[in-house]
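Same chain, two partners: subunit A is paired with subunit B first, then with subunit C.
Let's turn to the complex of A and B:
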């Protein structure tokens, strides 16, 4: 049950003189939902970008299922890591279905000639691809909107579509960058269920989030990144009880201040 | 001869040629926001590639029905290789550089290609004869040449093929995705470098088709032919809305017809007798561009920039 899917070893990312991420070790096992939290500017997104090949770490390695990841984003996706974005980055002028089909890019093959000649193999591949895409749209509950333009969907559905598009590449690991940003409590709850359902499909999930209740409900394990370094890692209870985490978010308590003596993240 | 239907047909034919070349500008711009000013020269090298096949590879007196497809293949190979080579060795190293750098590179490349052809292609410093397809047909009051039939058929086949390719094929979808957001496209597993190469290759192929049509229609080619045709095609692309393939074709046709009608009829307007004729055609073409840019800067079918971002 605990085979590592993603292993980051000693990952350091420097931009000139600035060290955004400093020797972070991090593992995601199969079947796990892992959270990554930290105050603004802690280096969470930089770390994410190291995992997806957008940045090549200055030091250290990131491996997926035992193989070191190639430094090209499209090859990382091909290897089996998919992601969503903090700000929605759907292909706004494409339909819902087309967005998911783009996500399937690495899982479909098409030679130039078979496409131009539209042979039977091509048509079959195209049909299979559409079926898989529709299956995903049903999974997130957007099948009835397949031909709508992505930009015309309401916000919450755009977020879901991003997840479907990421799942379309048949990843072993899904990275969610603030999936509930801007959502109301009810939408957050459905997202939570969606993430559990994704895990049940056999996909490991890594989530960056600011919504603490969401993270602590969801995750089997939580890592806290502060100023580029991993401060604590453990189950929700361990992390919530850790005073350093509270200090990193809220500052050091005053001597004798009764409201902060309990040491719980609100 | 100079009836209105004839003028419209002339304009449509000229416009189809502009449109075919304009595809190269618009596809490359749509994906990498680069105006490939060397595209006119890619068109020119396509013409010389086709001419080479005719002069040095095919035996004398080959039936034109056999010769034209082979010339097309020769021209396409040359134009596609040069377009893809330009991307690989001139533009790709400058990806991410300030926009002025690739623009100046494009202008330099265009001069270089002209001079290479002028100095090294035998007899290319003057116009070289290209086999024409001059047999004419009368359709009602309109007279067209065989070359015109080739041009219009080629334009229809190429355009409908491209429209299908971009909308329905996997690579075409990846192209749309890359045009809308290259970073996200990469993270969706699309090799954007490959997509850019495909865009350049399609542009080169279309330019070669237009170049063969040009040679067959006008009967000669020279090393400077790419300059004005390239500029007009670029105008057509902007006119139609740069980045939009249908816009490129529409812009080409609008430009061709406007230019033809203006040079044929404008001297009938009192006081403008001096302004008619072929020598003023370019003036009217570029006046049209200025008007469109003033009143519809995004072009006929273009989207507002806000939608693209």
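Let's turn to the complex of A and C:
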């Protein structure tokens, strides 16, 4: 049941003299929803980029289902890790359906020749891809907008579409980078249900988020990253009760007026 | 889609008066248009000038000649549109939206070509004295529909003249849906358009002197603009979408029919050059329009194909003069050589993005020309004969069919260039097939994804480098294929045409201009752009040394007024015009229902 999907061992990322991530060990098990939180500038997104191959870690390894990941984003996706972006990066001038079809890229292999010759294999692959894509659009509730351009969708639906596009690559692990940024409470709740539904499809999920209520409702386990180091990891209760976490976010509590202590936030 | 009223409440009481820009009673406007149109057409039966010194012989009374034919056509069109505005049965389809913009535009077209002719006579022959009474009558008659069109009532809210004029030639937001027609009617319409298109295109290619071509351009541009504002072009593209294979077949037939309409092989030569230019532009469209890679040295691949074909053509000046490949083998080796060069140049350069890629490809394009220039045995290995190039390339011979000789086919004589023209039509058809199939597939989608957002595309598992290399290599090999034919058509290959910018096509700047001008990411766009950019310097001799300036100005104007190119790709159009939900399927835009249902309801 709890086989590790993603294992980061001793990951360190240095940019010149700055150490953005310092020897972080991190595991995501199958069927888990794991949260990654931390104050701004704690190195969350850098760590994320190390996991997805955008950065090559200075030290340490990242492995997926036991094999070390190659440091190329497209190979990481092929291995089975899909991601969304903090600021939505859809293909704005492609239709909703086309966006999801692009997500299918690694799971199909029809090259130029088969596109030119249009044999039965090509037609079957295209039909299958479209079926899969439509099934995902049904899943996130955007099937009726398949022919709309992605740019014309409302903000919340663009977030959903980005998730559908990531799911189209049939990942074992989905990385969500601030999936509820800019959402109203109702949209946040829908996203929460969506993440649970994704987990029920057998996909492990790793979420970066600032919305604490969202994180603590959602996650089986939460890791806190502060100044590039993992401060604490555990269930919601453990993390919420940990004084160091509170201190990292708000400064030391109960020592007078919070407005004067804010300056001590590290 | 409700109309928003921007006038403040105080102004609402007096409704904006519907009036014309010319203070005439509105009731006289349409009669003026109709009578003026007929009078303009009739005036072409008079003599306009006394001497045949002005080309086209406008001295004959009794029938039109030369430029008069254009005025005649424009006058008739004005009269037809006026009748359509009268809702005459059988002509209503000309103005489905019932707007006045097409009337004004055809009137301007007639006025423009007539006054251009009259002024050209006056200036060329030196004075108004050279005009016969017929010329004055034509000038006045063509002014009448223009006045009539401007007198047509329209709503004005106190805007300045430019805005008022702009509104008058604007296309209405909504064109009423076409009535359902039977497939036979639709096919007849497509056939008719193909025939008319062939006639118009043939007339343009066959124009013998610059004045006639300018008059032709004025009439064609304003007529097409009028059809566009009337909504007929939209309807026609819907028609095409519904009968795609039939439309393709008709277009192909029309292209094949072209050399049969020509008596002079010179014009078939223009045709074949346009096709070569257009094929290469379509190949570049894969690289620029689909994958979004700005390649400024693309013409080098045409050169690689041409040189390869020349080397294996059996020309006695070729390094391998003993070798003579059959055409299919020469074409394949030309395409293969270009493919190899494409990969060799692409592999190091495609790691760069944007401007850097453009600069490096520009450099590689020049390297090709300079290298070919130097491979003459003195400064380099003896392969290409340096600046002298490889002359006297023999004509192609295919299954006993010699392309160099004239052949009689069903009573028509097909000359040397007509033969090559037909070969190029086949190659063009192949390239169009490759383009459309590649664009609508997994690889085509990944090109567009790379163009849209490379980081996101790689995160979706697309190997950006590899996919871009495929686009680069495919574009290169299509250009090389066209190059093999062009070597035989021109008898010789020399390094000079394969440069970045020059005053005659093909060169990289012209190719890129053809793609951008015509419309990136479409099939018809680059072909139209190539035809225009080839014909303009060919026909307007006085432009020759200023053509780069003229195209610069044209491109700037285009970027200002129609950045998506003459023929717009749906995607591109949305990119440049942010407002509006143009992508919503037609069924919802044509009704009064809101275009998009609210999310979640």
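Everything that follows uses one rule, which is that the second predicted complex is superposed on the first by the 253 of 266 C-alpha atoms of A that agree within 3 Å, B and C clash if a C-alpha of one lies under 4 Å from a C-alpha of the other, contacts with A are read in each partner's own complex, and residues count from 1 in each chain.
We adopt the following convention: a contact is a pair of C-beta atoms (placed from the backbone, for glycine too) under 8 Å apart; a residue touches a chain by one contact, two chains touch by 3 or more.
All values reported here derive from a predicted model rather than from experimental measurement.
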Subunit B and subunit C placed together on subunit A: clash or fit? clash
Task: Give one of first, second, both or neither to describe whether A:56 is in contact with subunit B, with subunit C, with both, or with none.
output: neither
Larger residue footprint on subunit A, choosing between subunit B and subunit C, goes to C
*Could you say whether A:197 touches subunit B, subunit C, both of them, or neither, answering first, second, both or neither?*
neither
Can A:68 be said to touch subunit B (first), subunit C (second), both, or neither? neither
Per the contact definition in the header, classify A:93: touching subunit B only (first), subunit C only (second), both, or neither. both
Of the two partner chains, subunit B (first) and subunit C (second), which one does A:83 touch, if any: first, second, both, or neither? both
| said: Just to be sure I read the superposition right, which of the two partners does A:108 touch: subunit B = first, subunit C = second, or both, or neither? | reply: both
Subunit C stretch colliding with subunit B in the overlay (listed: 202-210, 220-228, 238-246 or 580-588) is 202-210
Dual-contact residues of subunit A (subunit B, subunit C) 52, 54, 73-74, 77-78, 82-83, 85, 89, 91-94, 98, 101-103, 105-106, 108, 110, 112, 115-116, 126, 129, 165, 169
Residue set of subunit B touching subunit A in the complex reads 161, 165, 169-171, 173-174, 176-177, 180-181, 183-192, 307
Subunit C partner, complex, touching residues on subunit A are 52, 54, 73-74, 77-78, 82-83, 85, 89-95, 98, 101-106, 108, 110-112, 114-116, 118, 122, 125-126, 129, 144, 147-149, 151-152, 154, 156-157, 165-166, 169
In their shared complex, subunit B is touched by residues of subunit A numbered 52, 54, 72-74, 76-78, 82-83, 85, 89, 91-94, 98, 101-103, 105-106, 108, 110, 112, 115-116, 126, 129, 165, 169
The answer for subunit C against subunit A in the complex is residues 433-434, 437-438, 440-446, 448-449, 452-453, 455-464, 470, 474, 571-572, 574-575, 581, 583-585, 596-597, 599
